[in-house]
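Questions regarding the structure given below will be posed in turn.
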Amino acid sequence: MIIRPRPTGWQLLYILRGSIVPAIAPKVLAIGVLAVAVAAFERYWHPFGRDGVTVVPFTLLGLVLSIFLSFRNSACHDRWWEGRKLWGQLLIEARSVARAAAALLPGEPALRTRASHLLIAFAHALAARLRAADQAAAAAPWLADDQRAVLQRRNIPDAVLAQLAGELAVPLHAGRLDPYLYGQFEARLQAMSSVQAGCERIAGTPLPFAYTLLLHRCAWLFCVLLPFGLAGALGWATPLVSMLLAYAFFGLDQLGEELEEPFGLEPNDLPLDAMVRTIEIDVLDALGRRPLPEPLQPQGHVLR
Amino acid sequence: MIIRPRPTGWQLLYILRGSIVPAIAPKVLAIGVLAVAVAAFERYWHPFGRDGVTVVPFTLLGLVLSIFLSFRNSACHDRWWEGRKLWGQLLIEARSVARAAAALLPGEPALRTRASHLLIAFAHALAARLRAADQAAAAAPWLADDQRAVLQRRNIPDAVLAQLAGELAVPLHAGRLDPYLYGQFEARLQAMSSVQAGCERIAGTPLPFAYTLLLHRCAWLFCVLLPFGLAGALGWATPLVSMLLAYAFFGLDQLGEELEEPFGLEPNDLPLDAMVRTIEIDVLDALGRRPLPEPLQPQGHVLR
Amino acid sequence: MIIRPRPTGWQLLYILRGSIVPAIAPKVLAIGVLAVAVAAFERYWHPFGRDGVTVVPFTLLGLVLSIFLSFRNSACHDRWWEGRKLWGQLLIEARSVARAAAALLPGEPALRTRASHLLIAFAHALAARLRAADQAAAAAPWLADDQRAVLQRRNIPDAVLAQLAGELAVPLHAGRLDPYLYGQFEARLQAMSSVQAGCERIAGTPLPFAYTLLLHRCAWLFCVLLPFGLAGALGWATPLVSMLLAYAFFGLDQLGEELEEPFGLEPNDLPLDAMVRTIEIDVLDALGRRPLPEPLQPQGHVLR
Amino acid sequence: MIIRPRPTGWQLLYILRGSIVPAIAPKVLAIGVLAVAVAAFERYWHPFGRDGVTVVPFTLLGLVLSIFLSFRNSACHDRWWEGRKLWGQLLIEARSVARAAAALLPGEPALRTRASHLLIAFAHALAARLRAADQAAAAAPWLADDQRAVLQRRNIPDAVLAQLAGELAVPLHAGRLDPYLYGQFEARLQAMSSVQAGCERIAGTPLPFAYTLLLHRCAWLFCVLLPFGLAGALGWATPLVSMLLAYAFFGLDQLGEELEEPFGLEPNDLPLDAMVRTIEIDVLDALGRRPLPEPLQPQGHVLR
Amino acid sequence: MIIRPRPTGWQLLYILRGSIVPAIAPKVLAIGVLAVAVAAFERYWHPFGRDGVTVVPFTLLGLVLSIFLSFRNSACHDRWWEGRKLWGQLLIEARSVARAAAALLPGEPALRTRASHLLIAFAHALAARLRAADQAAAAAPWLADDQRAVLQRRNIPDAVLAQLAGELAVPLHAGRLDPYLYGQFEARLQAMSSVQAGCERIAGTPLPFAYTLLLHRCAWLFCVLLPFGLAGALGWATPLVSMLLAYAFFGLDQLGEELEEPFGLEPNDLPLDAMVRTIEIDVLDALGRRPLPEPLQPQGHVLR
């Protein structure tokens, strides 16, 4: 179980780490500079009048934009959370295979060890695949010499599962494992295959690109036009309110962007390395290994 | 795993490929021309007054419209994402059948090859069926001569599954496959049948047509009336704001339309051909075939 | 697979078939007449002033109404889509039973035919039950003479399933079917029973009636009061804007009403007859029957 | 299947039964009286001005409130609908156990009758438990004399399931029932246990209480302050608009409250008694009993 | 089943227990003090004008904020409700294992007792793990002397499941339990493992931290700026309306915070101790133990 330490109370108002402020500060400042210029122009030439009617269309525009940004954020958050659930599922399956191997194959400790290492190899290979790293290098340390053929396959996590299925089929064909109980192992491998395909779906199919384009452009146009709409009514308060709205809109746009691809390395992405380590610890713990590796610790509030 | 390259940063502001701008530009320009006319009329005859009260009803109308457009977009996005999940499920099932055939039928390489080819034939036939193309032509290259009877059936993907079930039943009836383990194969075929019926549901049952009509008409009426409401308050800025709102509303309407039918050939539809190819690669990789076909590459940011 | 032809482009702006315009036109016209009267009254007696402040409370009321109409529409759409999913599930189960019977009972063609006909009888009886038609009459043509006892049961679809379970249990008790494989058939029957209960739930439990009442009444009150709020600001444009808003609100109210009961015979309801026919075709196709019945065709964009 | 008769057309505008009007009328009238007082005060002392600016903050407040009321209503509706689904699931399981018992235990009519009566006892006991009535009294009429020990258990529905499992295990241990087929019965009991725990979860864990408090209080404060905000702009129309908004807000608050606890006896709660009767009819029908009990009929549009 | 007593009627307007008022009162009062100062400043220097145009941008800002607060609250409520569902699932599994052990292992009362105690130990250890308490101390009272090796494992709930699997495998290997029926027990353990991993996911992966930061900051900025926007229009009513809005926004922010971590000890968190006690009662009741422990009672409307 990974619990990330979180700042609380007043810290929430100024902390920068884990925040998206650094990513969007340039854009927000640009809007602020523009708003100062517009307010100054308004102050000395009064082109807009002070009756505030120009604000109303911006209310409409801003609400349309926030309804759709909210839809996109919700969809991106669902992707992120589904990614997390899939890795939680992988943890369940790894623990279950380890538990069932101990209960059902008490007389075959070597097979049990090999199966446990293949579980760990699968997790490493999948994490590498999702981050476009070297799958073979990630899986190799956990493979025995006679298992290295799997490194030749293009889809290494799938090859690891096939290897595991083949090794568990040996006691089945030898009559030392009941077909039904073998089927239980197969169901676990099937579930691990589902985790892999689910993660690939999230990593390989972003939200339709036109959404991102449409919302990104509308957010920019809105924030650039906003000071012109506000200056008549708010005068020198225009930059403050414009920047606050730009902070909210650009922030939510940026956050949606980060969550859309939850397997990356940005601060709000999923800590794949730490989750692989958790699987490693639980599987080795079930084998009775000591000492166990330590859980990964966050670096500056961020866990990779 | 299919990862589409995506433009980033400033590119997001001007890129046209993958965007819906080409599809809606004529409508947005038409609204712009209308808005210029209305603003000119207002400028020289002042029929609306400058007090901006006419804007308020449009705020109400625009918000009602965006709440319901958001509902429809959310439903259409769900259809698109469910379509993607179904094809991900097909990938899981194909990999699992291939893996289980290797582990459970080690002595029957011919059956394993035939089964793998039938899996690929199913994927091709289903993609063709969903795009109203020739199912028989899509499946034929992967069928052996004694399997060509399936091409006479009206529902070819279903016939392919029946053929696969029949071939796997041979070792069952001969006592070389345990009934429970046969049942595991049957469960995979059942899941593939679910994928087919789920895709047919999405392709054959669009959102109730009255929604599309109602929202399409309200969007048009709103955008046509909008310049009249804005001209009094915004003067020459009317065309700019009208076009921005028309861009948002027509864009979201168009995007909903594209996602509603996710198996088509529009830029934001699902890349069925590339997903079929992925299944082909993974199944042939599991058989140990070399060289493997290459994954399909996007053409101009768009993958079919 | 049922693909309904749909009008496109400019047709979307004037077509009436499949639209809800005929159903709500009287109400919208009534609001229009009222608005003309209110606008005339305002024009000659000016009771409301031209400052537009009376519009603002209507904005609030209209938004509250549209947020809750959106909630109800979303719930009704979910019911409709769940109904469609349940019938898709029935198609999956019918195809799977037909496929499994062919693979597992190759030596019993008579049983296979009887089982297939019972599947079709189930679909007919369920559709009749959901539309409050004569279940016995719908199922009878597909029953053999020695199966007609099921017509005496009160719940005919359930009786058909029990008959099917009984017939499949004969080879089980005779030792010609493995218990596990019999269990696979039973799982399909269980799923068909779930489809039945799910459809009954949707047909028998509408949305809490107080929602319908509350929203229907608020929509009426809102539309009746609206012209009074708009007349001061909009003058002679009042009827146009009032009717547009009435069109949106009454239209969404009416559409929610139609989707709430998806098994009826209104234009936007589910085409049960066509779906029963699809099941018939696929099951008979799997038996190798020729000629097959034709899919039902829509009559004026509407499929029953 | 339970179909409740519903009023239609003009009836929808005046009917009181099934509506929440009686429950909220006092509150709405209180707001109306307050609004008359405020409007009169405004009419003779003009403390607020007629420029309507005081309305705008109420727009903001009202929208915030309706967004959150909508969230709560959606959550409460989900609870109600989940409760209905759970009872639908119970119906599926009862029908399936009855069907499977007929097919799999053809030589044991006494066991089949006892099992069917236990199914009915479970439904009665669960309904009583959810309504805090006497579980033992509800289950007792369906228990044979040698089964009355279950009435000593604290959790009677669970004890009924254990009794049923024990009785079905007799043919298993005697070798008259295949272990796999016994497992199918066990899976049905497991599903009935899930129904019980799901219903207990809904009945025992309301929405976090602070939501109810916060929304209830904000609704009251809003409705009490509203006339002060409207009086300047609307004059004597203030009571009408205030009462309309109070009707909407108090109505939705009240409706959420009723749906939050779907197993109660209020008009919009689930008709547990009628659903238990449906289970009774279907199980006895499957046993071939005649005459069958009649379905419960609604009393004044309300079914308990 | 745990039913918490709830205050009703007028009590809802003043009760503090179970409310979030104590937690947010300081912030709301601070906004009130600020608003009084701003209103006084406005009253004597009139810097803002009385035309109310400054309110409109706050409407926009407030709505954006409430749309996103609503999204976050919905996500946090889903986490809380999923946590509750997981514990409901644990109750189902515990009851099912107890029931199946009684039916399937009638000749092994000692094993049945040991298994039941391990179920209880699992619930205690999981609750302790989620609240970062001592897992070993929580599980120890329910372990026999020869089971204490599980206390050496790092992941104690998982070790308890492995122990249970091992003990149930003894009759399997001895031929006293059919492999399929053993598999049914294993499926229950698998489900308990899913409950554990699901709870760990919720406890270990909060909502992306940037959401909390962004919304918390926007809520503060909004509430601090609000009095400046309202003072021109509302005068001395500014503090009242500002505090009402601050109450709503800070309240929802705080409530989201509490529900985000549903396994804590705050008033709106899940009553883990009471749920563990329920499992204890039901499992011991199934063993026939008397007297049973009493359900935990809420202390001042709050159940831990």
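Chains: A, B, C, D and E, in written order; residue numbering restarts at 1 for each.
By our rule, contacts are C-beta pairs under 8 Å (C-beta built on N, C-alpha and C of every residue); 3 or more make two chains touch, one makes a residue touch a chain.
Since the model is a prediction, treat every value here as computed from it, not as a measurement.
Chain B and chain C touch with mostly distinct residues; of the residue numbers seen at this interface, under half occur in both copies.
Rotation relating chain D to chain E, from a C-alpha superposition: 70°, rounded in steps of 5.
The centroid of the Cα atoms in chain A and the matching centroid in chain B are 23 Å apart.
Per-chain Cα centroids separate chain B from chain E by 37 Å. For chain E, the set of residues that touch two or more other chains comprises 51-52, 56, 59, 63, 67, 180, 183.
The ring sequence of chains is given as D, E, A, B, C, with chain D as the starting point and chain E next. Those residues of chain C that touch chain B in the shared complex are 1-4, 6, 12-13, 15, 18-20, 50-52, 55-56, 58-59, 62-63, 66-67, 70, 73-74, 77, 80, 84-85, 88-89, 91-92, 95-96, 98-100, 102-104, 106, 178, 180-181, 183-184, 230, 232-234, 237, 240-241, 244-245, 247-249, 251-252, 255, 258-259, 267-268, 270, 281-282, 285-286, 292, 301. Looking at the complex, you find that chain A touches chain B at residues 49, 51, 53-54, 56-57, 59-61, 63-65, 67-68, 71, 75, 129, 132, 153-155, 158-159, 161-162, 165-166, 168-169, 173, 179-180, 182-183, 186, 189-190, 193-194, 197-198, 200-201, 203-214, 216-218, 220-222, 225, 228.
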